[in-house]
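Chain nomenclature is as follows: A, B, C and D, assigned in order of appearance, with residue numbering initiated at 1 for each chain independently.
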Amino acid sequence: MVHQEINLVPDLTVAENVYLGRMPGKWSYLRKGEMVRKAAAVLDELGAAINPRERLGNLSISQQQLVEIAKAYAAQPRIIVLDEPTSSLSEHETAALFRILRKMRDDGIAIVYISHRLKEVLEIADEVTVLRDGSMIETRPIEGITAGAMIRLMVGREVSNVFPKSAAEIGASVLRVERIGDGASFRDVSFDVRAGEILGLTGLVGAARSEVARAIFGLSRIVEGSVSINGRKVVISSPSAAVRAGIAYVPEDRKGDGIVPGMSVRENISLPILRRLTSFGRIRGSADRSLSALYVKQFSISPPDGERRINLLSGGNQQKAVIAKWLAAKPAVLILDEPTRGVDVGAKAEIHHIIGQLVADGMAVVMISSELPEILGVCDRVVVMRDGRASQPLTRAEFSEERIMALATGEEAA
Amino acid sequence: MRSMLKIAAVALLASTGWASAKTVCYVTAADSHAYATPANKALEARAKELGVEVLSLSQDFDVQKGTEQLNTCVARKVDGIILWPLDPQAYIPGLARAQQANIPAILINSPMSDDAKPFIKSFTGPDVYEEGKMAADSLSKALGGKGSVVIIAGQAGNGTTIGRVSGFNDRLKEANADIKVLDTVNADFDQQKALVVSRDLITRFGDQINGVYANDDTMARGFIDAWKEANPSKAAPPIVGINGQKDAFESIKSGEMYSTIVQSPVEDGRLAINTMAEIIDGKAVKDRLPIPLTVVTKDNVGSVEPAF
Amino acid sequence: MTRALVLASQYRVVIILGLTLVISALVVPGYLSASTLSLGLDRAATIGLIAIGLTVLLIAGQIDLSGGAVFALAGIISVILQREIGILPAAIVGILVGTVAGAINGALVVGLKVNSLVLTLATMLIFRSLAHWITNSQPVTGTDIMLSLALAKIYLEIFTIRSALFIILIVLLHVWLTRSIPGRNVFAVGSNPAAAKESGIASDRIVFLGFVFAGMLAGLAGVLQSLVTNTGSPVFGSELTVAVIAAVVVGGTRLEGGRGSALGTLGGVLTIGSLTIAMEFQSIPAYVQQVVSGLILILLVVLDRVVTTKGRAPGTRPALVRDDPITQGGKV
Amino acid sequence: MTDAAMEISGLNRNDRFTRGSRLVDALSKTGLLLAILAVVAYGSFASPAFFTTGNLLNVLTSMSIVGIVVVGMTFVLVVGGLADLSVPATIACGAILSLGLQPLIGPVPAFVLAVALAGLIGLLNGVLVGYVGINPIIATLGVGTIGLGIVQAAVGGVIVYGSNTASAEFAKGRLLGIPVVVLIFLVIALIGHFVLSRSFWGRWTLATGGNYNAAEASAVPVKAVKAGAFVITALASGVSGGLLGLTLQSARPLIGSGYEFSAITAVVVGGVSIIGGFGSVPRAIAGLIFVQLLTNVMVLQGVRTPIQGFVLGILIVGAVGMDAALRKRGVV
């Protein structure tokens, strides 16, 4: 079983994680040397250059993902379930993984591969099962099925245009960052985003896209460079400062960073702008309620009940609520970090529709995504990041899948 | 900072070859306590006069800590040990080790069980058991030998509590008094706790309470306040406390309290160190050296000094 | 600078213990003599035995506040039963009482799935009340005072039976924690319970046994204390829990689980022990001692915190290392 | 994890927040009320003295001092701060200074200064927990030890007496037949309730306790909110200590010991979540009322102190067990 999210023990070593629950030994005495040797061999086979004695918590996310896969592989299972295994992997690592999966398949291991990435499914799978709303729709051999057909099965209807690009009038530059760096994961990052524009920010995992977004929003520190909003330089030391400056951020990890599970949709939506609904410290109940009612209606959040606890909603509706809470703040620029990750195809289209409306109203949007088709379909310009550095922005005329991948991997001269 | 200075000071003293002075280990009940603090200060002041060095260890009311501190004293090869016991029994092995090491030991303030007798030279100070007996006599006198009373006791399991409660009860039995103890409740020598338990006692027994015995004056104060709350216009039943605190004297003067027993912490501390100095000088001492205990009532409240 | 801090943090127990010993030796004449050291060791043993159990529990991400009460209860039982069944069987029953108390803690924490802080706060009250109830709040006395003296005898110029037992147990614990499969699994359970569970590690069983172990050691410490003093008292150990937690945390074990070591605990216990003795030798008032130990505790955890946030390897995301390990690996 | 994977791994259990049932929901809201009514009914039946104005007023007066601390402690638990163990130090600070400074600066400034200094201790707690990120148990334990040590050193360990009769009369007096202490408690409880349930600060507190990262990413000043909870508790304890000193007209360093556990007990019995994100002041006070009435009935019935402690312990176990069970069913 390999999880989409890292599910390992940060305080143990890599080798111990690979053999977690199955450490070699006799009478509970741990054969440490043997374990490290075997783990090294497995990691080697996976093409991962990771020291098995290293503490897991010191590794990067994609390295941890590889350890997770090594763990599953080392168990020598007859059936292996991979749940979005490539969500944090680079193309390189994905290719290595696919090599191993094919080898395992040839060795007679059954593999269940769960993914939203249809391209990967087409590449690796022999047979496809489509689930929708908790029930099985159809199982078909891979031959004779196309991505379009799969999407039809998933949404139960024909989706003509997966990524509708709505035309919005592009205005003046709203957010401009110049040569910013956080002293650790990225430096020398510059770009700007204009009113009515969707700027894509992409790159392989580990390229520090989220780190840039989190730093601009004040969740971590910027140690060099400058950020300006509407031409005025701002110092953003905390998320509240970011909100005051007109920046909003929808984080990548919805459950971890996006929603407060015990609170209602209403309470979640009004959280960032609570001070504006307050007089003499007291929250004005009517203002609070009408605000949530407005967005529940506008975003057709289902069920349409602001008092429902947010964790009882589906992932897509939770995401809509998370976006809604930022619109209430009326930001000049909205940063969306993987807004459609882990969301079904139908909700994905709705979220894209909402983003389209926002830019039409003149908002500037930065969208971080690992899905190239999404970037290509939605964005007006794209900045590609690699190893903490950002490329020059590419316009729609300039960017293509190949060009972005080339910049992301650094394999070709750009 | 203070500790650093102190360390430095002692280091300086130690390095100037001042090792000839006799050192006495004083295992006290606590550093910060209404009774113990003045007793400690008196003991240390007197020791200075006598030219005796005192190694003062505070148990902080933790018996287990105290038993270990006895070992520290033995390891320091001191010339004598003054122990303030908080338990009638637990220190015996430690005292035995001191005896093996030829270190004389005496008890201050509270007695221990008879098993401890072979290991100590003397017991100086007020006898908490004796105080319990005196309190019984005083209350019995106030009630004319007849009635029902409540006891507000200190901390459960604490040596002083045990002595003062059992001394009281034993004396009542001994004297064959027609006094019934309605209930004994613990209020941990704490005024607020005494206030709360007194409220409940007053609610529960009401007029049945003919007299009150509190293990110390602080808790007696708690009962008085509770009584005033419940019956603002009615005089409280006779209340007997122990310790002879200043505010208890005020209460006796105003008639809110019947009596208290004065035991002077200064006397207590001085007597202990004097006795130890005599032992170190090779003199024989009596195995029981009491400090004067005075029952204070309205009759003599003007002529006696409060303890603290 | 950061590197130096990281190093300082890694060896902080050794450094702080070394500093304590050096300063003490400078100001207290004869501090480093065998008799003083053996004394320090013996005094550390009571805290140390309970700390052994607590180390395992904290690594597994749990806490036990009832140790002091179990300490008293086990001691009382072992003294009361001396007259009925003899000293050794009574001592064994005392340790069993501690074990059962630990099992009750463990069963309630695992069975009810409740926070161990609150639960052991409740069982602390319960065990302490039982101790008062059984003894009617009076201390109870054992039968053989000579045994107490024998137990306090010093062997090889430095060890008492109690301190030797503590040293042996903590070395065994070190080997078990670092070199045994169940030992490593304890770390897994404390660091990421969800991951441990999905890897087939019986987390509940490990947590339960952790409590049983902690109870057993608190019982053992209580029985030894009662034998050494020939007394069982319901007020014994009331101040112990705080000292034990402080010793374990000074030793580098993390309260949130997943990190800690037996040798660290040994260092922590010895530091607290030698510090106490050094200050007592100088007649420093108890409240100043409290301030000093409080400051050391706070300074060490602050240092630890500063180092772990600053010295993190580049490229790792702090978000992954959450405060609450339970939220990891949940549903999206 | 995606739903598909959950199906396969069989992990699709009901987690904390997934389901809700009306019946259980109603039970969780009224359960405590029913329990209080049951105690009142039993008390009136068993003791004629119980259901009298005098006795009930006594209970109210007795619970007021700890009740003020409970209001603060509710914030600490709701914000996810586990517990504030420095309460004894802040109470002592409030009590000793508000009496000790009377002759120097007069009763009212003394009271205000005492509460402010208590708040300073809380600020230290808050900075360590909220900004440095130290475990609250360790931070408050350490700061409490240091604070108490300093307070003891400041007064040389003796009792401080009050010297201003007017302030004493006021604190002990009644207004419209209700003791002043009770009125002050009610006012503070009302303010606490307003802040937690109606103000932005309360919403922030609940959000920070519910999901720290999400609250931070929603521009909630999480560090300040977390620190604030400890400042609120310290201020409340300072007021509580000041009132305690004024009513008793005497204060000693250990005057506040035990209040931290009493307050935690009340809050937990009231059903406030120990892991944060859920709770209210009325709930915590209902918990306090229940505990106080039960204790009162036991005292009136002549139940011995150890048995009272035993019952209280079992009560906490029951309360946290019930809370955990309700959580599992999705009622928060």
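In the analysis below, contacts are C-beta pairs under 8 Å (C-beta built on N, C-alpha and C of every residue); 3 or more make two chains touch, one makes a residue touch a chain.
For clarity, every value in this text was computed on a predicted model and none was experimentally measured.
Chemist: Walk from chain C over to chain D along touching chains and report the minimum step count.
Modeler: Minimal hop count between chain C and chain D: 1.
Chemist: Let me spell it out: compute each chain's centre from its C-alpha atoms, then which one is farthest from chain B's centre?
Modeler: Between chain B and the rest, the longest centre separation is with A.
Chemist: With chain centres defined as C-alpha means, what is the inter-centre distance between chain A and chain C in Å?
Modeler: A distance of 43 Å separates the two centres.
Chemist: Rounded to the nearest whole Å, what is the centre-to-centre distance of chain A and chain D, using the mean of the C-alpha atoms as each centre?
Modeler: 41
Chemist: Whole-Å distance, chain B centre to chain D centre, using C-alpha means?
Modeler: Between these chains, centre-to-centre, one finds 34 Å.
Chemist: Using CA atom averages as chain centres, what separation in Å is found between chain A and chain B?
Modeler: Whole-Å distance between the two chain centres: 70.
Chemist: Can you pull out the residues of chain A that are in contact with at least two other chains?
Modeler: Correct list: 1, 3-5, 253, 256-257, 342.
Chemist: Give the residues of chain B touching no fewer than two other chains, as numbers and ranges.
Modeler: 2, 30-32, 156, 186, in rising order.
Chemist: Among the residues of chain D, pick out those that touch two or more other chains and give their numbers.
Modeler: Residues 1-2, 9, 152-153, 157, 213, 253, 305-306 of chain D each touch two or more of the other chains.
Chemist: If we use the touch criterion from the header, which chain pairs count as touching?
Modeler: Result for touching pairs of chains: A-C, A-D, B-C, B-D, C-D.
Chemist: Would you pull the chain D residues touching chain B in the complex into a rising list?
Modeler: Touching chain B: residues 47, 49-50, 52, 54-55, 58, 61-62, 65, 152-153, 155-159, 161, 172, 179, 244, 247-250, 252-255, 296, 299-300, 302, 305-306 of chain D.
Chemist: Could you please specify the touching residues of chain A with respect to chain D in the complex?
Modeler: Those residues of chain A that touch chain D are 1, 3-5, 81, 83-84, 112, 114, 131, 134, 217, 219, 238-240, 242-243, 249, 251, 253, 256-263, 267-268, 270-272, 274-275, 277-278, 281-283, 309, 311-312, 325, 329, 342.
Chemist: Please output the residues of chain D touching chain A within their complex, sorted ascending.
Modeler: 1-5, 8-9, 16-18, 20, 194-195, 198-201, 203-204, 206-207, 210-211, 213-221, 277-278, 332
Chemist: Along chain A, where are the residues that touch chain C in the complex?
Modeler: Listed in rising order, the residues of chain A that touch chain C are 1, 3-12, 16, 20-23, 25, 28-30, 32, 57-61, 64, 71, 184-185, 206, 210-211, 253-257, 315, 342.
Chemist: Considering only the defined contacts, which chain D positions touch chain C in the complex?
Modeler: Against chain C, the touching part of chain D is residues 1-2, 6, 9, 11, 15, 82-83, 128, 132-135, 137-139, 141-146, 148-150, 152-153, 157, 212-213, 253, 261, 264-265, 268, 274-275, 304-310, 312-317, 320-321, 323-325, 328.
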